[in-house]
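First chain A sits with chain B, and in the next complex the same chain sits with chain C.
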Partner chain A sequence: MITPAATAPLRRNELGWYLYGVAAAGEASAPLARLAAGGAQEVELVAEGPLVGVASRVSLQEFDEAALPERLRDATWLEEKIRAHEQVLERVLEDASIVPCRFCTVYRSEVELRRFLSERREALQAALDRVRGKVEVGVKAFIDRDRFAVAQAKQNDDIRQLETQVSTAEGGRAYLKRRRLEQRVAAELDGFRGEAADRLHTRLLAAAEDGLSLPLQAPELSGREEEMVFNGAYLVTADRAAFEEALALLGRDFRDDGVDLELTGPWPAYNFVPEELGPE
Partner chain B sequence: MSSRELESYRSGQPAQLADVLERVLDKGIVIAGDIQINLLDIELLTVKIRLLIASADKAREMGIDWWEGDAFLSKRNGQGELEQRLRKLEEAAGLPTSPKQESD
Partner chain C sequence: MSMSEQKTLKQQVTLLELVDRVLNKGVVVSGDITLSVADVDLVYVGLRVLLSSVATLEEPRERISTAGAAL
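Let's look at the complex of A and B:
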């Protein structure tokens, strides 16, 4: 393919800085050697006053603004870069608190990166203070319809009666009874979803510093056949003991209703840093 | 408390790509880098990207690399298999579907 020179203002091999996140200078010194030794992504700490930018040199041609929309359509490229972004932040998180940046934050030069770190120092430090000593965890809840139906039959007289009628009826009558039973269970499930999500969120929030609920994932995304009924993110102390205890109790409570809980993380606190830094 | 006692929930390992995408693409601090993904682009793209990658994940599990050299990615043909699958997934998820390219 021929790229017209006019649309490619950048010189070949010109390097910029990809910023993964911002940490405190003292805390984030240790992981540097290990990250650099990691190989694939050579990560450097760009120190500016009390802050460090966790960054890598990247080809500006690869991250050219005009070319990005096209790159984003390339699933292989995108997955590799997104995984790298996450892995770098996770390594830093082992030893330091970090304010994670959104995917593809790139500076043309070290001077520009340093200017950002020094000009926005206060807002960055405030964001860092909020997540210091804490991590984000994710909690997802999935419901198994069959187990939910069994649980309903135990708790609900109407449904139990319908079940009995289904098992004793024959032919067309059995079919109609079965349809009614299914509709009845589905109606119960409609009410249960929201109620379960509220109960889970209230109790998890009480064991966390902060929390919010995220959009539910369709089965194509979650990779599970069961329906997702809750998807939450919580900011918790790094040792997570109190939160995991609350989660274990909830897991036992909800299991009988056919609900399974899944814990993810620890994540950098993506959901608990300001979406945008306040005005300068 | 030992981890044995805490088995009423499942700890997902390694991180599911969907969970990584949900965070890396949508969350984290947005700062004025010199180069940034246009936020409108991101909004339009993330839904497609997620479905694209989720489908790619499944395909890879089955040992299929069908997205490589796919018509959708080379954009020669709007009726590529990937695009059709994407549209189906979008419809199933109740999302606005990708524009159909008129053939002729």
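Let's look at the complex of A and C:
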């Protein structure tokens, strides 16, 4: 499908290589056939020494730097490429460890791709060693304000008294009491957020190889109406048993306070690879 | 909300979860490559584009305004 470089000079409208990630040569040989059979993406393994680049040939015109800003405004294009990127990495992850690359890492030629794999061999192998046999999982915690208020009324005498006053008062007085109750619950919630996040992260980190506390997402991103109080990423052994046990225990502890935990993944270890891997 | 609309929303949510990782994390290769993603705030651009497409599926006005505020 590509004109051999020997017979034709490389032109801008020819094919380049989109690099999804880097794996160890021995580990990542198996998924190739399956990826190709999947049909959605023609994925190839470019072997260079002990490493393989998991890559697809792509049109350089489509991925050209000059065309990027326009492409990024196209939601359909963006979604298709993001899903393809993740899909390929997830397939490889079934059998091999992988260092995921950032979206749209595109080389002009196989020579350049190979040069990267060879020149950055040590750093890539170190990154690969760190994630070998492990996957990333995400843990988010959401708080339901109503359930939190109910829990507070059980635990906190002041709040319980305010609730009684709200239920027995009438008219304007009931309104004022209700406002005081709401303010009191909100104040408790302010303290609880940080405390819950600290407790979750400490206990999950103890059950993982590594972990990070990530910025909280707005409801538009989380897709849930409840407020997010914690967003963490953890590097865990591929079987995940110890981690999931710790998570289940935490889930039970926090449920009574109106907090629900959400587990995502397994993901390629996006959060646990070096951000920058340029020339030395 | 119908089943199909629910499914669409769920797919979009997964997509937004993906954006956070695929566009924001992973090894950035600097040097002689076609795209210099490190110089582009991909997450900002990507979320704007994708959120507005989610917003179109949902209650248009309200969602767009809150999405804008979140960014």
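We adopt the following convention: the second predicted complex is superposed on the first by the 265 of 280 C-alpha atoms of A that agree within 3 Å, B and C clash if a C-alpha of one lies under 4 Å from a C-alpha of the other, contacts with A are read in each partner's own complex, and residues count from 1 in each chain.
As a working rule, a residue touches a chain if its C-beta (ideal position, glycine included) is under 8 Å from a C-beta of that chain, and two chains touch if they have at least 3 such contacts.
What you see is a predicted model, and the numbers here were worked out from it, not measured in a lab.
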- Partners on chain A (chain B, chain C) - clash or fit: clash
- Applying the touch criterion given at the start, work out whether A:R108 contacts chain B, chain C, both or neither, answering first, second, both or neither. both
- Message: Quick check for you: in the superposed arrangement, does A:L176 touch first (chain B), second (chain C), both or neither?
- Response: neither
- Message: Quick check for you: in the superposed arrangement, does A:A187 touch first (chain B), second (chain C), both or neither?
- Response: neither
- Query: Which partner does A:L72 contact after superposing on A: first (chain B), second (chain C), both, neither?
  - Reply: both
- Message: With both complexes superposed on chain A, which partner does A:E244 reach: first (chain B), second (chain C), both or neither?
- Response: first
- Message: Looking at A:L261, would you say it contacts chain B, chain C, both, or neither? Reply first, second, both or neither.
- Response: first
- Task: Could you look at A:A206 and tell me whether it touches chain B, chain C, both or neither (first, second, both, neither)?
- Result: neither
- Message: Looking only at contacts as defined up top, I'd like to know whether chain B or chain C touches more of chain A.
- Response: B
- Message: Does any part of chain A touch chain B in one structure and chain C in the other, and if so which residues?
- Response: 16, 19, 21-22, 60, 63-65, 68-69, 72-75, 78-79, 82-83, 85-86, 99-108, 112, 116, 127, 138, 217-218, 220-223, 264, 267-268, 270-271, 273-277
- chain B to chain A touching residues, read off their complex: 1, 5-12, 15-38, 41, 45, 48-58, 67-68, 73, 89, 92-93
- Spell out the part of chain A that touches chain C in their complex, as residue ranges. 16, 19, 21-22, 60, 63-65, 68-69, 72-75, 78-79, 82-83, 85-86, 99-108, 112, 116, 127, 138, 217-223, 264, 267-268, 270-271, 273-279
- Can you name the residues of chain A that touch chain B in the complex? 16, 19, 21-22, 60, 63-65, 68-69, 72-76, 78-79, 82-83, 85-86, 99-109, 112, 116, 120, 127, 136, 138-139, 214, 217-218, 220-223, 241, 244-245, 247-252, 255, 260-264, 267-268, 270-271, 273-277
- Note on the structure: Per the touch rule above, chain C residues touching chain A in the complex are 9-10, 12-13, 15-38, 40, 42, 45-47, 49-54, 63, 66-67, 69-70
